[in-house]
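Here's the structure we're looking at; comments come further down.
Every chain is named by a letter (A, B, C, D, E and F) in the order it is written, and numbering of its residues begins at 1.
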Amino acid sequence: MLAARVLVVNPNASREMTETIRIAAESAGQLTGVDVAVVHPEHGPASIEGHFDEVVSAYWTLDCVLRVVNDFDGVVVACYGAHPAINALREAITLPVMGIMEASVLYALPLGGVFSIVTTSPRWVPMLEEALRTLGVEGRCASVRSTGLAVLDLERLPAEQVRARLAAEACSAIEQDGAEVIILGCAGMAGLQETVAAATGVPVVDPVVAGVVLVGGLARTGARTSKHNLYRPVDPRPGVDVPLGLARIYSPNSA
Amino acid sequence: MLAARVLVVNPNASREMTETIRIAAESAGQLTGVDVAVVHPEHGPASIEGHFDEVVSAYWTLDCVLRVVNDFDGVVVACYGAHPAINALREAITLPVMGIMEASVLYALPLGGVFSIVTTSPRWVPMLEEALRTLGVEGRCASVRSTGLAVLDLERLPAEQVRARLAAEACSAIEQDGAEVIILGCAGMAGLQETVAAATGVPVVDPVVAGVVLVGGLARTGARTSKHNLYRPVDPRPGVDVPLGLARIYSPNSA
Amino acid sequence: MLAARVLVVNPNASREMTETIRIAAESAGQLTGVDVAVVHPEHGPASIEGHFDEVVSAYWTLDCVLRVVNDFDGVVVACYGAHPAINALREAITLPVMGIMEASVLYALPLGGVFSIVTTSPRWVPMLEEALRTLGVEGRCASVRSTGLAVLDLERLPAEQVRARLAAEACSAIEQDGAEVIILGCAGMAGLQETVAAATGVPVVDPVVAGVVLVGGLARTGARTSKHNLYRPVDPRPGVDVPLGLARIYSPNSA
Amino acid sequence: MLAARVLVVNPNASREMTETIRIAAESAGQLTGVDVAVVHPEHGPASIEGHFDEVVSAYWTLDCVLRVVNDFDGVVVACYGAHPAINALREAITLPVMGIMEASVLYALPLGGVFSIVTTSPRWVPMLEEALRTLGVEGRCASVRSTGLAVLDLERLPAEQVRARLAAEACSAIEQDGAEVIILGCAGMAGLQETVAAATGVPVVDPVVAGVVLVGGLARTGARTSKHNLYRPVDPRPGVDVPLGLARIYSPNSA
Amino acid sequence: MLAARVLVVNPNASREMTETIRIAAESAGQLTGVDVAVVHPEHGPASIEGHFDEVVSAYWTLDCVLRVVNDFDGVVVACYGAHPAINALREAITLPVMGIMEASVLYALPLGGVFSIVTTSPRWVPMLEEALRTLGVEGRCASVRSTGLAVLDLERLPAEQVRARLAAEACSAIEQDGAEVIILGCAGMAGLQETVAAATGVPVVDPVVAGVVLVGGLARTGARTSKHNLYRPVDPRPGVDVPLGLARIYSPNSA
Amino acid sequence: MLAARVLVVNPNASREMTETIRIAAESAGQLTGVDVAVVHPEHGPASIEGHFDEVVSAYWTLDCVLRVVNDFDGVVVACYGAHPAINALREAITLPVMGIMEASVLYALPLGGVFSIVTTSPRWVPMLEEALRTLGVEGRCASVRSTGLAVLDLERLPAEQVRARLAAEACSAIEQDGAEVIILGCAGMAGLQETVAAATGVPVVDPVVAGVVLVGGLARTGARTSKHNLYRPVDPRPGVDVPLGLARIYSPNSA
């Protein structure tokens, strides 16, 4: 069997959330024979709560990934949503790149007719619905539901309270919206898959696990990002003043 | 790493096509650490060319799978399309089940903006377009293109002729339809991935490989088919006269 | 006026349900000058409750129809949904063929802006929603609602209880979902049209009646199934071992 | 068998086109046992070539129909498109009302996977595409194609030239767009069904025939327009100064 | 700055509603430097409550506008919905023409993710939903909600009662449907924008204001209706007997 | 008439392109009575050719705008596409904010049935198609067409060559795709509206003009961005190390 090394980047500049992600990612790596490393950028907001945070964090996430990516076979972007770093990385490198939202949806689709996503604050509901349309899979989504929690509440609040809130919203998705599979819609929910599955009786998808499994599988069977049109390579821009990681793309000869 | 045993069933009752599938499936299994077995039903048409063949082959495919499935952790149905055996199996068992069409699409989605499927006879064009709508991913498909070949032509015709026909249609998909990824739309095309990739310069997906990778990944991370609504279990029907494999579902106590 | 003979096949192997269908079909035939015959296969499940039952029943329904269809001008498949026998028959013969779901929707569309379908068990909700998308008319559907009854409950339970359950669900569809027309979403509901219409005050469509009216109308004005692409004829497969009716298609010269 | 009297109104104030329609309508009536009468308004444009003509003709078509409709069991509006008189009549009366566009599409749907409409001038292409979306069946339409002929050209030009133009466009729809069924997209094309069918080898739908068959079938099985929401009755407006037919609706007590 | 003169026509033949519209239109004109004139037809229903009223009012609205339009740079049709006069005018003249529904939606789109429309009677709900699909913006609409009021109730009922009903429905749209912007869905609601905005805390769009702003902006920057396809000019029909305004289009040389 | 000051930001860090934009913006401002200022960030790529450039430029565009926006009544983001700065600004401030793509589409919609966008390099075709789906107006777009030019080619190449290339592609859109209105799909095409209009005979939209007209109109009639859900305000993040403009949002008290 081919070894595969997968880089998981957490765009939220939070050590605690990165640890939560690391545990889930390493567990999935062990089950499927994939080596994982988990990193986060030093700059940018500690949690990504909207479009503004996405822009700031994407700048530093790209820089963080591009400094180290040469040692890996694939990249998982561990922010749940259409984070701008995902498509930017697909232009910058040829390895398979996936966000954990896309991974979780691809993992969930064969397991049931329709899925629901349980996420954090209400603003993510329209943002994730838009992301589903961009992925082109909105027709398979029963609902996106907010728990009303902030991203960092997942670390701050007592674990029991977080689990109860998630399980309650998942049950509503099943009973009221007809969901057959539940997706945990935040990287910070990594590790809660079993609890919610036990509470609901339906399959529950941990997006970090899905990311490691799918990027690992793609990487080991030689998949590469198409450079034909949407993700064709970035044009070099030698003179632009950017941090080291970004400079590897804009000034490939000097960096 | 957890071992995973994946059953690949070829609904086409053709020994030659099953051998072609076996080679691709075993290769993907070796790359990802999955044990595969490949079978085909003894009854039914040697190639599935439309809805009528689907019905006849589905009856015997179900029977064939249900006789042996207890020894496996997941099932791949190796007929490209919305073969009726796929959803029927999802009701009959709890293991992850995927058709190779769904697998190939899930594998292709992260690799580019839009994909095209290159298939055999013209009738499969509307059938696959309908299957894409049922999967809910039609918005990511640039085109479904027919090579004009019958399923069994893939075995009968000189390999060079088959490759040239596939490569030509793939190039048209890229140039005229904007395809960024090409999917080989027939189980009998297993093994031709490299040739077509070389001819086109874009990623090419072998659906049998995708099936083994994805079902293997799901199986090893404990995924199960949701029994909540669409795929809830089959009601026992003790008195119905059916072959042995089907009887294990309709008459679970006696079989 | 041209005579038209329409074959109605009930894919559910249930004598009682076939009688219910016969009464509705003959009544519609008398109003529109169409001769009807109603049959059901000897093999297969007595009621079709999901995908698995569809596959088994489709095999025997095709066999049943193909033994006798030469004496008719059109075929109605009296299982509510996208039963696989419908498209298979469209390949096998040139007469007009319609399932009662498609017929009921075509009948309902000119009568109001949006319709709702009231069906039996909850699993049929996603199955019928998918069938509506395949028919391409999902935008005109206000809702698909389950009564929670099994198919055979329609025969087993007291008539008054069945009617009350149907009427209650129809009223919810009108008040909560905006339905302007109600469709009875099961062949076994044939004959209940007047009761539900009286209870709701909106037009109610009996799908068996719709099937006889529309197939009769098509047959008498010379309509034929297009053989151009999706429904082109089945290729002969002389050696395949199948029952007599199927053999008329696979081995046309010997059968 | 129940008798049914169907009123066919041609909104184009053209005696010649009305005669063409009458022949097709009476032929369909004889095949299906329906009595038909064909009328046209005395005022308004002789041919309807766009939105402006639709408004003027709708005013006088309503007046024309409402003067005589009490003697009939159903109404066919013989202008191909979403003519405003159709929905207005559905509010004004309870009999089944259908435009010939809707009728032709409902007739065509069961006969093949996708249909194309061959119409007159290029402006009708976007108008009919919009009408298909309103009907909710745009997903089943392969293409709408213009012959470049004006509505009245169908009467003025030599018959052979009209037929050749129609057949050529129908063949393009089949070969380039994948159409499996052809619909003649203008009331003035009534009677050309057989010629185009012979030239193309696929089913061809005459929209006037479809209108008579479907409205006749609905009328004889007791179908009524739903008055629940979209087509609820018109409020009386006693003082408004309108012609006699319109006054029967606005001033029901005095007219 | 260029002067712009905008004609606002109220298709409802009601002096009171026209006064309400005039106040809102003149206020928007003053803010943006646009001269407005507001008119209504002498004939037709005092309020437009459905399709039948649309046809009658469209005939007289066209006549009314075409008598005076030469003195203006753009036209606003102040009936909320897909009133048939809008597209007819786009054929008849080259100035920019907009209905207030389209204007209100274009104005609302940049202000939030999804909007809701609060309208009068329940029948307008499906009519406006259909109009949104024709405009192609249905995906941005959270809901269309009826207040249960008739058009003329807006003038007849105590102002406080009207405001309370509107505010209550707007709040439901925000809380239950996720609306981020509210659109007042009736010309007769002009002037109530501030009250509803105060009650809801989200942006509220007055459709008459939107119409004046947008048609004014288009007119001053030289925008013209495309005559290429959908709105190509009306063919002259010299002999047709129509009122003076319509005759300017049908008989351009004599009128 | 109310004065309105509109800030136009060019996210491309190119002085030449900013001058081109300034001329178009000031001209539109003069026609409609709006004061405009045009700026560009000092950092970031000189032209935005894909997702990677979007991320880098968005970071510096936000910073650039937020340093000066307090002096304005509305903001136009002059990069054609779904530039990430647009939604981020909608969260950061309450003034109306529009990208020039959205503005151009809203301006074009009332002028014809369907529009086409003529843009620069082929990669923008799928990016703009995705942006149209996010705007929810994809159904009104006939096509997005690439001229094959890079963004900076618009400045570098002889003006005549640029015009010829644009006019040729616009004509193809009209003849082959049915476009009725043409939109110039790049800020660098500002000023070419008249040339292309003369070459095609249909309305042509300059997106910078559209941006100034629409943001000006919204600003003068008091429109504000909804803060209810999708664009609710950014949470302060006092400790995050960001440039001055961004710090005004993340550390509102200290900046």
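In this text, a residue touches a chain if its C-beta (ideal position, glycine included) is under 8 Å from a C-beta of that chain, and two chains touch if they have at least 3 such contacts.
Just so we're clear, the structure is a prediction, and the values are computed from it rather than from any experiment.
Interface note: subunit E and subunit F, two copies of one sequence, contact each other through mostly matching residue numbers (shared numbers exceed half of all numbers used).
Ranked by distance of CA centroids from subunit A, the top chain is D. Interface comparison, B-C versus D-F: the pair with the greater number of contacting C-beta pairs is B-C. Between the Cα centres of subunit C and subunit D there is a gap of 28 Å. Separation between the centroids of subunit A and subunit D, computed from CA atoms only, is 53 Å. Touching of two or more other chains is recorded for residues 113-114, 125-126, 130, 133, 139, 178, 229-231 of subunit D.
Going by the touch rule set out above, the chain pairs that meet are A-B, A-C, A-E, A-F, B-C, B-D, B-F, C-D, C-E, D-E, D-F, E-F.
In the complex of the two chains, the subunit A residues touching subunit B come out as 1-2, 28, 30-33, 96-98, 102-103, 106-107, 109-114, 135-140, 174, 178-181, 201-203, 209, 213-214, 216-218, 220-221, 223-231.
On the side of subunit D, the complex with subunit F involves touching residues 125-126, 130, 133. Taken together, the subunit B residues at the contact with subunit C in this complex read 13, 43-46, 49-56, 58-59, 62, 84-85, 87-88, 90-92, 122-123, 125-127, 130, 133-134, 229-232, 234-235, 237, 240-242, 246, 249-250.
Partner subunit D is touched in their complex by these residues of subunit F: 113-114, 139, 178.
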